[in-house]
Amino acid sequence: MKSFTIEEINTILGGELVGSTTLKITGPEQLDKAEPHHISFIGSTKYIKYWNNSKASAAIVNENLTVDLEENRALIKVKNADLAMAKLLEVFNPQPPVFDHEIHPTAIIHDSAIIGKGCKIGAGCYIGKDVVLAEGVILYPNVTIMDETTIGSHTIVWSGTVIRERTEIGAYCIFHTNVSIGADGFGYRPSEDGRGLVKIPQIGNVIIGNGVEIGANSCVDRGKFSSTIIGDGCKIDNLVQIAHNCELGRSCIMAGHSGLAGSVTLGDGVIIGGSASIKDHTTIHSGATIGAGSGVMGDVEAGKTMLGYPATESREMLKQWVALRKLAKQ
Amino acid sequence: MKSFTIEEINTILGGELVGSTTLKITGPEQLDKAEPHHISFIGSTKYIKYWNNSKASAAIVNENLTVDLEENRALIKVKNADLAMAKLLEVFNPQPPVFDHEIHPTAIIHDSAIIGKGCKIGAGCYIGKDVVLAEGVILYPNVTIMDETTIGSHTIVWSGTVIRERTEIGAYCIFHTNVSIGADGFGYRPSEDGRGLVKIPQIGNVIIGNGVEIGANSCVDRGKFSSTIIGDGCKIDNLVQIAHNCELGRSCIMAGHSGLAGSVTLGDGVIIGGSASIKDHTTIHSGATIGAGSGVMGDVEAGKTMLGYPATESREMLKQWVALRKLAKQ
Amino acid sequence: MKSFTIEEINTILGGELVGSTTLKITGPEQLDKAEPHHISFIGSTKYIKYWNNSKASAAIVNENLTVDLEENRALIKVKNADLAMAKLLEVFNPQPPVFDHEIHPTAIIHDSAIIGKGCKIGAGCYIGKDVVLAEGVILYPNVTIMDETTIGSHTIVWSGTVIRERTEIGAYCIFHTNVSIGADGFGYRPSEDGRGLVKIPQIGNVIIGNGVEIGANSCVDRGKFSSTIIGDGCKIDNLVQIAHNCELGRSCIMAGHSGLAGSVTLGDGVIIGGSASIKDHTTIHSGATIGAGSGVMGDVEAGKTMLGYPATESREMLKQWVALRKLAKQ
């Protein structure tokens, strides 16, 4: 377990140290759960009473707050407590799971695959024909990478994830556990006798930029033809569905359980709230925000905030909700 | 296949046997699908006509119902047909999948891992550094348990499930197939150039109590710091999302496709309906019920039933729905 | 990479060739992304301007459209561009991932399992006791098939999918990645001390017809007793939940994130939109359509289109939405 003196932590965070403690700090903890070896946070005045009752020896505090200080307790005053916390988490980030072998002997790697310098490949992984892994790619145990897929440097793939054939993935991406990349899009046509459905082949692929993170059990389908595209820096949460031929710009955010139907286009910096759904063939322009639980049925202009089902400009939707509440009381 | 005489079944259920049948009973079946070797259920008067047309030789019936009985057919009258059915399912519960080896030779188990007495570990499983499995833990094939995770006695983990490092799991839990425990929480901060997002390290873990069941393809994320906590006896259905730093009390129920955003607190005995979503940092107090499909945007008092989007006390929401229906007809 | 002359493609599609190109065609592409070796589509007049600016050497066009044609460019005029495109995708469908061994030596196959002629079984697969695979079944790497399951001829199972014990699967099905078939249904009863929940054994199974396709990370639970049934030709998208004892007729469609609670019955040809949810024990009769995002709380008549939450006949729901919008403006 890592531990630091309060002076060391203060140096890292570049704050102002008030008071002092002789205890070594082993990690961050919430005020009400902290033990003496923890450092905690006082983000606003309402947390000051928790600090007074907390066992924590130290806390990070916004510099505008006034907080009492007993003996052997210390405060680190900072301008931006959120940023300081992010730095603190980097300091205490524990070691990730170890690899006893760089490439585990039970991993099955096709002869034609090219494995970059410093790659780590866990037990039970499968690497198909003509796969290319750049430098420093990490595949945890039981990952499946299928034929002709290419993965950029330092990308991490967690266990249970399956990446189908011909996917193109950038550098510094993270795929969490049990993700499905490149499954067939959902496309059928009526059979000629009119009594059933015939599968339309899905011959496209998935292209994922650099610095993309995709959450556990999420799915990105391949294009019917051409590609489904996830732009650089997009962050996708758990259990998200991205259907065939969607195109996401840079740094979009999609929260848990949200979904895009086929051929949806997102501009740059679009934010999709949890459990929100977007109709097929619509475009959400750059900087738009879709509220949690919304159902979007048409294009959304740049920078707009949409809410509800069917989704409407958010202030308009709030008015509708108020109007309905009043109506029910008459 | 197991089979019992009707007298044996009656003894197990502690009911009152009326009529008799010489056929051996091989299992329960619905009235309309039953063959003569099945036992069925007559839960209310509306099922009596199905009994008259059913091939079943026997049925469990609530003792207050009056049902005709032909030759070589039998009824078991009970006080509580639901409870009797649960007992009957235990009686006919078939053998689970077999293990030809207690620990399969293809399982990869780190030297430092501690494996309790009577554990069964299937083919293709991976057990990381310093993992501890208590007595009688069962891991079906192709399970991944990462470093420093501890699992309590008699917990069962089905195939495809991945449990990330430093998770703490109690006794008698069940993890269904393709579950993801301990993936990183979804947390980013704006990059300093304002043009992208920087990942905030997620250094916490997941703590799961005793007797917890988690459905197929569900996800529980690790805490940003500190822990995501699932209390004793919670029952989580399939495709459920539980984000970082949520805390569930005892015996909560979450139905399929429901989700909790970050830092949601559930009291004891909270029920979350299918596809319902709960906003981050809210508290749903003990005994509250959230209707299916609801979107909860604020704290919910103990014992309240909430419905709709945005979720409102259920009678109020029903009034809103009625009012809107009337308005549309004007 | 496959390539064809424009004359060869015209013969396959049975169209009328206008103009000609000497370039070999390597695949379909959208007009705005096409290179000279691509064939594209002109589905309606609004795409004609894109054709004029496109690098594509060829396009499929509905025969009623009038399109300009430069030198070394060709058009294939067809009656039904959608059908022609489906045929074209079949023509260019690339080779699926290769198997270097028909049955990979690392696959663990129980001695009692019966493996049909021409089956392919990838690395890391697990096949349990008494499993039966008919002719030509394909299991990609890291698939788990548990005891007594039977799979019909030419069914394909992609990596990460787990099929629990005693499942019965037809011919020509496709299971995408990380699918969960046959996990326990979600059923509990109050414990006798009233302080918790006791699991009700889930002793039924799952029966899946012929020609069924199930999307990535979707779940079909086993019956409590008796079976959960998916009829011939059903097409299920990604992240779909089908709970215990549901029964789907022929050729139903369920889009991404949709879900059926326990014991829901769908007739034939029912369409469930994305993220829609259906209450337990309801029946959606043949030919009904449930709009995306809807929450259905009662039976639906044959052929009806339902929309909204709570779901109502769609024209009625559209009226409610209009009425509410007007009310908010007063």
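Note that the chains take the letters A, B and C in the order they are written out, and that residue 1 is the start of every chain.
The definition used in the following text is that a residue touches a chain if its C-beta (ideal position, glycine included) is under 8 Å from a C-beta of that chain, and two chains touch if they have at least 3 such contacts.
All values derive from a computational prediction rather than experimental measurement.
Undergrad: Chain A-chain B contact: same residues or different, taking over half shared as same?
TA: Since fewer than half of the residue numbers are used by both chains, the interface counts as different.
Undergrad: Write the angle of the rotation needed to overlay chain B on chain C, where the fit uses Cα atoms and the result is rounded to the nearest 5°.
TA: Fitting chain B to chain C on C-alpha atoms yields 120 degrees.
Undergrad: At what distance in angstrom does the C-alpha mean of chain B lie from that of chain A?
TA: Centres of chain A and chain B (C-alpha means) sit 26 Å apart.
Undergrad: Scan chain A for residues touching two or more other chains and write them down.
TA: As it turns out, chain A has residues touching two or more other chains at 106, 124, 142, 160, 178, 217, 239, 257, 275, 309, 324, 327.
Undergrad: Taking the complex as given, what residues does chain B use to touch chain A?
TA: Touching chain A: residues 106, 108, 110, 124, 126, 128-129, 142, 144, 146-147, 160-162, 164-166, 178-180, 183-184, 186, 188-189, 195-203, 217-219, 221, 224-226, 239, 241, 243, 257, 259, 261, 275, 277, 279, 295, 309-310, 312, 316, 319-320, 322-324, 327 of chain B.
Undergrad: Given the complex with chain B, which residues does chain A contribute to the contact?
TA: Residues in contact with chain B: 27-30, 33, 82-83, 85-86, 89-90, 92-94, 96-98, 100, 104, 106, 122-124, 140-142, 158-160, 174, 176-178, 211, 213, 215-217, 232-233, 235, 237-239, 250-251, 253, 255-257, 274-275, 292-293, 308-309, 321, 324-325, 327-330.
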